[in-house]
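Look for subunit A in each of the two complexes below; its partner is subunit B in the first and subunit C in the second.
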Partner chain A sequence: MFFSQLGYYSLIFGLIFSFLLIFVSYKDLKIINHSINSKIISFVFFQLFFVFLSFICLIISFINSDFSNVTVYNNSHTTKPLFYKISGSWGNHEGSLLLCLLVLTLFIFIFLITSKKEPKKFRIITLLFQQIIIIGFFLFLLITSNPFSYLFPIPKEGLGLNPILQDPILAIHPPILYLGYIGSSIIFSSSLAAITQNYVNNKWAKNLKSWTVISWFFLTIGIMLGSIWAYYELGWGGFWFWDPVENISLMPWLCLIALIHSVIVLEKRSQLASWTLILCISSFTLSMSGTFLVRSGILNSVHTFANDPKRGIFILIFLFILILISIFIFFIFYKPITKDQKNFLYSRETSILINNWFMMYFLSVILIGTVYPIFLEVIADEKISVGPPFYNKLLIPFLIPFLILMAIGPNIKWIQDDIKLFNLRLIFLFLISVLISYFVLIIIGLNGLFTTFLIGVALYLLVTTISDFFIKKKINLSQKISHFGFSLLILSIILNGIFSSEISTNIKVGEKYKFKHGIIYFEEVKNFKKQNYISVVTTFRIKEDNKKEIFLKPELRIFNQPENITSEADIKINFFSDKFLVVNLVKGNEYYNIKYQTKPFMIWIWLSTIILASGGLINFFQRKLNEK
Partner chain B sequence: MNYLKIKILIVLVFLLFHSNAQSENIDLVNKISKNIRCLICQGQSVYDSQSDFAISMKIAIKKKIQEGYTENQIYDYLIGQYGEWISYNPGFNKNTIFLWLLPILTFIVGGWLIFKKTKFFKL
Partner chain C sequence: MYGKKVKLRVLFIFLLLISVILSIFLILKSLEENVVYFLSPTEIKNLSEVKNNKIRIGGMVKNKSIMINSDKITFVITDFKNEINVIYFGSVPNLFSEGKGVVAEGFLKDRNFLIAEKILAKHDENYMPPEVTEALEAK
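Let's turn to the complex of A and B:
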């Protein structure tokens, strides 16, 4: 009760500080000196404090199971473990928005205290644009999604959190993902501020790059955590489903990759300024559109947990305002610093442009694949589904030239390189990679020109990156690590796709099932009473030809609040291959449906994503060290 | 004696083919069910879902394969029954022209823009 009230009024205080900040900043803009008014920084701090307080209040309400709060009532239950009571506070629509707001205010505070070397006006105007976004979120929370709504009479028990969300990885997945999404808000605000201040130059690019890599880092890790969760909890061994919500996270991700590359050209060569600005604006707009599509319930997806047309319309209006502001500022204020000149074909500039070209293509495939069905339904009243076959057909063939160019690109010098330098080493490595891929596929008994080339070029990127690492005197460590991680990721995904195998059958306790390469024994079933569910643990013994016997214990969890059964796979993780077993009840008899899968290189997918992301983190810290 | 041998051989060959056909069937059911939407679920394929709809759908697909339908015939059959919404693989028709062409167009326009911004010779 008390904490709900406190949380609600903290939000209102936070909103008041937004208006105070706009007023103080406006006055401070007219004063010409180097440092910004200390009031501004303390106001931003107070705003952060109040939003934080409000967030803590929500968490306390969840811990106390205060069912006079509608959000708590809808998403919690007294028997839920403490950890999930806490994570449940952001595992719902209202709470997740409050978390977004917290990150927004946190980031602008960090921006202000770390940008002391930047021009005063640029900092203040960035703050102003950020405040527009913050006000939008405040109003959205207070008007349509108040996390502290009051419920009377007070229910004795809550409705509980969706069991599939009661998972340690899913507890940290949203906060990390939001750090990535909301990080792009700073990119957005600072790019608009830079336009108005005519500050779109290499100095600005330097500061921008740190925000870009760190947002991208969090987004990558956030997406990966979601994918790991889907692998063991949601899917039957799949890790990416081309679900609209997954696609939506991928769009700003691709946009940020394009930005990470184009901003280098701006920093080093003072070129591509307008293109970089467009990417800055798009990455945040795409993040926001994602929020709109998910929260409005337009999309048919596993993630739509709260939808309400009123909310959809609010976000849509907000989105339009943001886009209008950015278009207006871009076209009215923007004066290009240098005339963009033509680049030579064999130059780093062109190779980075080619990276952006492919990123925009991948982005367009995903964007169109995701929104096209919505438009078609509105315009022609026809319902179509766009799923994995569409994305595979349009994305995979383009990976071949992309991976080749990605291997060559970092070897090309700025401004102009000699064609002569287009050297033997690169051609030799290419031939070797394709040959290895060819022979490996022949040994395994697979063939096909396309697969040979696909694996070949992924291998090519891998060996080229490694060879660059040892040959070059001056290496760009973060770039090498990220490219290496990416090649490993693509390779693992392809090999995983080709070599995965599965067996599915119905079986009861005490029975065995023979398959091509072995036998599965169903040993026993045991029931355990847990805090808020009944756990049915099944034990299987699996003997495969020429392999050690393994035991797998997949589990079924029967929840009461809300009534639901989740199926927890048991996975034997191995360096080269995962063994994945999942059970399900067959209605009306004692048989269990089991699915036993062999998933090669699964762990490599996660490891290579971590390597890919760590390149970004290394780049971030290198920059921070160089500044000092 | 010879006759018996031949009989055993025939049975063995039959069993071999039969078991092979069986496992191929299962692979094909899996492949098809991955491309079919579970109509009562939120964004899951028939393959990924354990709902009643998905289970009966898998049985239906298996039956169609046994009846000798090819993969494409099964898709056509299901689309005829439930509409385009059920298939994750949008075909190329008047409704989906732009779905397929817009990304390709993006690629072409992007390539053209880069081409315009590139010098090919030393000047």
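Let's turn to the complex of A and C:
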């Protein structure tokens, strides 16, 4: 009770600070000096403090199982383990928005204290734009999704958290993902501020790059965590399903990659300024549109909480205002850099521009595939879905030129390179890679020109990156690591796709099932009573030809509150291949429905994603070190 | 008449436009080929012809219709007006049970019979396909 009240009033105080900040900053803009008014920084701190307090209050309400709070009542239960009581506080619509708001206020605070070298007006105007976003979130919370709504009479027991969300990885997946999504808000505000201050130059680009790589890092890790979770919890045994919810996280991700590259050109050569600005604005807009599509209930998924049309309309209006503001500022205030520089076709700049084009192509494929079904439903009242074949067909062929260019690009010099000096090493490596891929495929007993080339070019990127690393004197470590990670990722995905196999059958306890390469024995079923569910542990013995016998114990969890069954796949993780077994029970039937999968290189997919992301992190810290 | 720079720029914009148009054309073309339509049992009964493309059917699993043996699962999807028999070889999601909402993806044999490749049930105990909600309200 008390904490709900405290949390609610802290939110209102936080909102009041927003208005105070706008007022103080406006006054401070007129004063010409170098440092910003210290009041501003302390106000930003107070705002952060109040939002943080409010967030803590929500967590305490969850820990205390205070069912007078509607959010707690809807998403918690007294028998739930403490860990999930805490993570449950952001595992719902209201709480997750509060977390977003917390990250928004945290980031603007960090921006202010780390940008002391930047011009004063630029900092203040960034703050003002960020406050517009923050006010939008405050109003959204307070008007349509108050996390501290009061419920009377107070129920004895809550409704419980959706059992599939009761998972350690899913507890940290939202906070990390938000760090990525919301990080792009700073990119958005600071780009608008830079436009109004005519500050779109290489100095600004330096500051922007840090925010871009760090947002991208968190977004990558956040997406990966969601993917790992889907792998073992949803029981489908894959890592990516081209589900609309996955797609909307991939769009800002691609946009940020394009931005990471184009901002280098702005930093080093003062070019591509307008393009970089457009990317800055779109990456945040795409993040917000994602929120809109998921939260309005237009896309049905785990992320859809109780639908309320008011929420959808609110986000839509908010999104509309943000887009209008940015378009207005971009067209009214923006003065392009007019430096007469010579451009040459064969240069690093061009290669980065081509990277950006590819990114935009990938992005538009995903955008159209995700949004088209929604439009068709509204316009023609037809319900359709766009599945993996669409994306595979449109994306995979373009990976071949993309990967080749990705290998060559970093070897081209800035400004202008000489085609004659185009080096033999690169051509040699290319031939070697394609040959290796060809022979490996023959040994495995597969063929196909397309697969040979696809694996060949992925290998090409891999060996080129490694050879660059050893040959070049001055290397860009973070780039090499990220490119290396990416080539490894693509290779693991291709091999995983080619060699995955799956068997599914229905089987009774004590029976055995023969398949092409072995036998599955269903040994036993045991029930255990756990804190808030009944655990049904099944034991399977699997003997595959020429391999050691393995035991897999997939589990079913039967929850009472809310009534639900989840299956926990049992996965034997191996360096080269995962053995994945998941069991399902059809109500009122003695048959167990099992799915046994062999998933090669699964662990490589996660590892290479971590390598890919760590490149971003390394870049961030290198920059911080260089500044000192 | 125009400088080299202007010519280069025009060429650049021209190339950009062409590649944009080409890629949009490509995207729309494969969209057409790879779309999966979502239908209710009633809509299937009213189809003029049974085509050979992949579809999704949404509805409720009819009570006492699930039959399982060692290699297949058969059940009936109903929207309380019409029914479709489904045969499926593969693994089912956890929340697949009688009286609950379900979506089956596969190929139609005829107007009464679907060979499913994939069964989807949502991850929430309260989920019901929108078509079924409408059908229930109409009842």
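Definition applied: the second predicted complex is superposed on the first by the 617 of 628 C-alpha atoms of A that agree within 3 Å, B and C clash if a C-alpha of one lies under 4 Å from a C-alpha of the other, contacts with A are read in each partner's own complex, and residues count from 1 in each chain.
Everything that follows uses one rule, which is that contacts are C-beta pairs under 8 Å (C-beta built on N, C-alpha and C of every residue); 3 or more make two chains touch, one makes a residue touch a chain.
All figures in this text were calculated on a predicted structure; none of them were measured in a lab.
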| item | value |
| --- | --- |
| Superposed partners subunit B and subunit C on subunit A - clash or fit | clash |
| First, second, both or neither for A:372, with subunit B first and subunit C second | both |
| Which superposed partner A:384 touches (first subunit B, second subunit C, both, neither) | both |
| First (subunit B), second (subunit C), both or neither touched by A:589 | second |
| Touched partner set for A:5, first subunit B, second subunit C, both or neither | neither |
| A:423 touches, of subunit B and subunit C: first, second, both or neither? | neither |
| Subunit B versus subunit C as contact partner of A:560, first or second or both or neither | neither |
| Contacts of A:35 with subunit B and subunit C, given as first, second, both or neither | neither |
| Subunit B versus subunit C as contact partner of A:447, first or second or both or neither | neither |
| Partner chain(s) touched by A:394 [first = subunit B, second = subunit C, both, neither] | both |
| Set intersection of subunit A contacts, subunit C complex versus subunit B complex | 234-235, 300, 302, 357, 361, 364-365, 368-369, 372, 382-387, 389-390, 394, 504, 567, 584, 587, 593 |
| List of subunit B residues in touch with subunit A within their complex | 23, 26, 30, 34-35, 37, 42-45, 47-48, 50, 52, 83-90, 95-96, 98-100, 102-104, 106-107, 110-111, 114, 117-120, 122 |
| Residues of subunit A that touch subunit B when the two form their complex | 234-236, 238, 241, 243-244, 299-302, 304, 340, 342-345, 350, 353-354, 357, 360-361, 364-365, 368-369, 372, 376, 380, 382-390, 394, 398, 416, 502, 504, 516, 567, 584, 587, 593 |
| Contact footprint of subunit A on subunit C as seen in their complex | 19, 23-24, 26-28, 30-31, 34-39, 56, 66, 68-73, 89-98, 122-125, 127 |
| For the subunit A and subunit C complex, residues of the former touching the latter | 162, 164, 234-235, 300, 302, 357, 361, 364-365, 368-369, 372, 382-387, 389-390, 393-394, 504-507, 511, 513, 556, 562-567, 582, 584-589, 591, 593-595 |
